[in-house]
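Each of the two complexes below includes subunit A, the first together with subunit B, the second together with subunit C.
Showing the complex of A and B:
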């Protein structure tokens, strides 16, 4: 029976109450540990298509008669279009249409950052479109530019009121503490730089609009486009079969989609609008910079009595303010907490969600100051973390939390630190650091899936979700195969098309597997139930004695064993259809993910070079569906996090507000040569309260603790406190000089 | 745009010269270079190694594995760019690279582009010069040029012979160019004198595919030791000795490069037998 309930939905740490229709989901969770298919490493189902270049990404879409669009972007960080003349562009060869401010959502007369979209041109070739941009005449009125976030906050240039949080009596706890540590931490702007740039191909087919787009949320783009264009949602079809990375930056439609749709309408031809790599580095979103003024106070026995933070999120012209204070509020048991978060609105490119927004930045500050506190208390950092273990989320019970097991698994890596330090020499100093991880990742409803079982005994899972490169296709196939008792190669997954399958949620916030996996399992169980029911009738047996195992229908006494395809032959071209829905999250519980990283790093104290030599990553995300895919997630998160920690930074010219690092030689992501030894371990304990699957998401957790763990390893190696990301040679040498000065001051011999 | 592929030097007449294309093509795309005619000189410029003479069309990938090439040049090639780029890029072209200064690459009207200010000196310059930087603070990106400067290589062009040091000039008010190469002049060969030993060390902020933050080439001959630096001045920079680093003129945010150069120079010298 369908039930209507009111439930809380979380995405990227943002909560909203929603109405939800749920079906009865009578499935018990599977037992813990590896099963027949689930919990066993599986090579991606689409691995060969991808490596052979057969997988069709949005970047590969070439429709007959397709035009190419180019976008005119503001050269000024803050300016208003007084007049714009598109006519000269329209006279150039190959140009078929041009649109300006107001002609499509995202093309605006007021540019709040250098790179804001103003106009767009469609032409027969991209070169013609780009050349035509230069012919557009714009009369700009330059407006005041503010790029300093603290100045912006002082002047009230903000996105909303400050977010304040307080529990207990922070001031009193600090005053009464034995040890107080304060520090200011800064994190930089980093870019997603997905391999596939942001792009869409739009085509009007009668009154229907087809949108091929590189997105993390086909349904979100559908409703956004339908809403903006005033169309019925079912007249918009959104397709994303393969996707070249998003990391949070592709959760919405974007100006490139609306420009392509408008230009397609104007010309009657399909239009492709794709950001160049240069544009991708400017206008595709970013992880905003933060400033974090933190206080940690403890009793001499190591009990943390107060944690406080004044945060500035330097958001840029747009975006949303993520919870940088989240880890400080949630990671440790602490009675007295006070945080304030200001959100500066400055004339820089807009923030977009980036893999655990807020928590990546906040964990850097928090887990560094916790180590500094440990040093001041002369307590082992791992011991300090164990001692202040949070057994509830400020009173709300966890649906499951196995951080203690993570710490236990981390111990053997932590114990290597004496040997690691001993391998130091005159120039290379080595050390070990750790940091804990807390983040969301429970997913939530609604999401739906269908299954289709053919007379050949093959199964198709149909759900209009998207695989953003994380291996979702494979994980969903594993879940269906497990439930239906068939090997993995019997299952295909159809996804990425709003016209071909039921609604499924966005792939963001580590939510895909925990949101859609349970729906897939329910849909597979529905088909299994039907197969068992008709087999019982066909063979005159009771349903309860029948099961599907190794793609055969077998009876408990062993007298019946018939191949699935042999039995289902009777269907002919007909099919067994199953459907399943994702149920609600447990009420009154916090669904969170946990983990710990132990990093071994080496610092060349003469040249400031930092090398990450080994990372042990232990994560608690409930049941692991595909251990191979899970390891890939962890490796990817760590590599991206190493870039964040050591080499990546988007630089701006302060005078013009323009991005300077627009190419991949200036914006430096790690190469494979920079990747350390990575050891992955999982607690792999299903969350007994969470869905029929017990799985949480793993997309984001691995990037959360890595920066702090590296910084703490640097401190262990050199005694230098790193307070600013990225730890370039310049920053490392500065921190080493600072540490040397402190040492001299502290040492009587130097006086 | 026309592409010419002349087979003899005499047929090279005007147009924008391109060899591997790893520098010229991005500059064309970014609208910094403009051309109606591209002249592919791969059939004109010699390629290969013969004794101490290297064809300027020899790729970095070919040089990095050649045992008879001095260590400093081999290492400079090996540590440059990525394998794909080294397979395409020529020795001669590498010497003629433009700076990676972001202001110059983004076409700010800076002094190198003929303007009247150095945007980097006043703006974001953490990767810029520590020597020769009062007019233009850009840093020269060629590892190979520093190696050849330390090795005291000589160049043969389509018009003259010259020491590699004489290929470069600091830009000034009257002349914004950083090389002495004339329009239409091609580098054809590089001649390496005998050296006893040499080395090249490079600081990057990732392990591969990065221009030098600081590159240090050292070479020893009977006559003494030469030290040359990459990434520290608008041109490859010859250093009289490590102590000259005390007279560097770093910008506010480039002092760290002096420390790095000092450390690498000490190590490179210590590597020489």
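Showing the complex of A and C:
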């Protein structure tokens, strides 16, 4: 039954209080551990078509008569279009339409960063469209460029007021502490660089707009497009069946969608607008840089008494300010906490959510300073973490938290550190570091699913969600198979089309499985109930003695055992339709994910080269639906995290504000040759308070602690404190020199 | 121009300067070959010419003389099943290129070591980070 509640909704660590219509979730959770299908490794339902190149991505959509669009972007980091003349472009071969500032959302006369979209052209070929951009005459008025975030904050160039938080008495706690550590940590701008660039194909069909787009949120694009174009939402159909990666950067429609829609309307033909890789490196969003001035204070017994942070989120021209202070507020039991977060508005490309935004950056600073505190206290870093374990979220109970079990599982990896250090030689120093992880990932309502059972005993799950490559299609199939008592190969999943299925939430914030999984289970349970009802009538038995097991309808006394497809023949062309909805999250509880990484790293003290040799990752994300897919998620998060820890860095010309690293040659992402040994373990304990499934999300957790764990391994190996990402050779050598200076100052010989 | 792709001859009309990747995708309709960077940095567009892996996005179609093999020509290769079973695919956009590179590797070296794999496959970027599973798939490609 539907019910109206007032609740907090969390997306990517952002909270808002909303009214929400939810449905009851009366199903009992399954027992913990591997079941028949759920909890057992499953190869992806869609692996074959992806591997064989048959899966049709947005990049592969070819509509009859389709035109190609190219986007004119500002060469200046801050400038205003005084006049623009599109006419010369329209005279060039193949050009069918051109639009300028104000003609489509996202095409604007004021450019706040080099790369901001100004105009767009549609032509028969992409080459013709590109060539036509050159002919557009723009008279620019250059404006002042500010790219230094601290200067921006000083001058009041900010996105909103500073975000302040305080509990307890921070100043007093610091004054009374036995040990105080302070440090400044910096994280860089990181680019998503999904392999499929941001793109859409738009086609008007009568008064309806079809949008094929590479997105993490078909429903979000639908409402955004309908809103901007002033259309009823059901006149917009958004399709994304296969998607070439997003990592948070594809949660909204984007100027390419609006440009394609406007050019399609102008020409009466379908229009593709796809970013090039170079545009992707400039105008597709990024993880913003941060500056973190942190304080950690403790008593000599290792009790952390105060944590403080002054943060600057260097946001660029747009985006939203993520909670960089989140881990500092939540990870440890600490009575006295004070944080301030400034959000600089500078003339650089806009931020977009990137895999645990804020927490990746904040965990680097926090978990580094915790280790520096441990060193100063002369306490084992794992012991310090255990001693300051948070048993509630500042008074609010956790729906479940098994970080202690994570630490227990981590112990054997942590115990390797003596052997690892012993493998050091004159050049290569080796060490072990750890860092803990906290993040959201509980998902929430609303999300819906339908199930369709045919007379052949096969099941289709229908829900308009996306599988952005995380394997959620497979997880949904497993959940339905488990509930209906059939093997996995009996279930198909239809997704990625707002015209063909009920609403499902976005594939971001580690929310797909915890949000949509329970709805799929409810829809499967609804179908199962109906099958049992019919079977009870057919065989003149009570419903309570019947169940579906191994794709057979069986009675408790064993007298009835009939194959599902044999029984369902009576349906003929009739179908059994189930529906299910995601129930509410537990009230008055914090739903969070936890974990710990133990990293073994080697540092060449002569060249500053850092190698990650082994990563043990232990995560607590509730029930694991697909251990194989889960392991892939963890490996992928770790590898992406190694990228932003050691090599990835968007570089800017500080004078002009232009991005210098626009190719995959300049922007260095990990290759197969950079991958360490990875050991992946899960607590795999269902969250008893969370939905009929007890599962949390896993997309983001594994990328959260990796940078700090590597930095802490570097400190263990060399005694050097790295404070800046990425740890390039320059940063590593700087930290080594700093450490050598400190050692000289500290040693009697130097006095 | 004449091109032999996966054993079939195609007569293609394309301007001089068109890349092989573009011809395959736009003229012949073989969209299994992906274009992710279009400047030879990522390996998503990898195809084989006479068994040698090449980056089709920076290969001029008119210069191609040998037989081209794309992912569509490797659909029954044992590596496909190896990738599926090992979960060596997440978003899948780079995967056809990975399979082509791997096919060239195992043709030249049927029992590659981990080191061989890391060397041969380092030009194929996977942003999702399926690398450990790719290594596993190639190590066990004949199982």
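Keep this in mind: the second predicted complex is superposed on the first by the 751 of 751 C-alpha atoms of A that agree within 3 Å, B and C clash if a C-alpha of one lies under 4 Å from a C-alpha of the other, contacts with A are read in each partner's own complex, and residues count from 1 in each chain.
Methods note: a residue touches a chain if its C-beta (ideal position, glycine included) is under 8 Å from a C-beta of that chain, and two chains touch if they have at least 3 such contacts.
These numbers come from a predicted model, not from an experiment.
Of the two partner chains placed by the overlay, only subunit C lies in contact with A:193; subunit B stays clear of it.
Of the two partner chains, neither subunit B nor subunit C is touched by A:563. Looking at the shared chain after the overlay, A:5 reaches neither subunit B nor subunit C.
When the two complexes are overlaid on their common chain A, residue A:651 makes contact with subunit B while staying clear of subunit C. The wider contact with subunit A, measured as residues touched, comes from C rather than the other of subunit B and subunit C.
Contacts of A:729 after superposition: subunit B is touched, whereas subunit C is not reached.
By the touch criterion stated above, A:607 is placed in contact with subunit B alone, subunit C being left untouched.
By the touch criterion defined above, A:671 lies against subunit B and subunit C together after alignment on the C-alpha atoms of chain A. Residue contacts after overlaying the shared chain place A:636 against subunit C, while subunit B stays out of touching range.
Legend: residue contacts after superposition of the two complexes on their common chain; A:662 is shown touching subunit B, with no touch to subunit C. Residues 663, 665, 669-671, 673 of subunit A contact both subunit B in one complex and subunit C in the other. For subunit C in complex with subunit A, the touching residues are 25, 29, 31-39, 41-42, 44, 70-72, 75, 80, 83-85, 87-96, 99, 117-119, 121-135. Contact residues of subunit A toward subunit B in the complex are 278, 427, 604, 606-609, 646-647, 651-655, 658, 660-663, 665-666, 668-671, 673-674, 728-730, 733-734.
Residues 43-44, 46-48, 50-57, 59-60, 62, 192-197, 242-245, 247, 276-277, 468-471, 628-629, 631-632, 635-640, 663-665, 669-673, 675, 678 of subunit A touch subunit C in their complex. Considering their complex, residues 30, 82, 100, 102-103, 105-106, 108, 119, 122-124, 126, 203, 205-211, 213, 253, 256, 259-260, 263-264 of subunit B touch subunit A.
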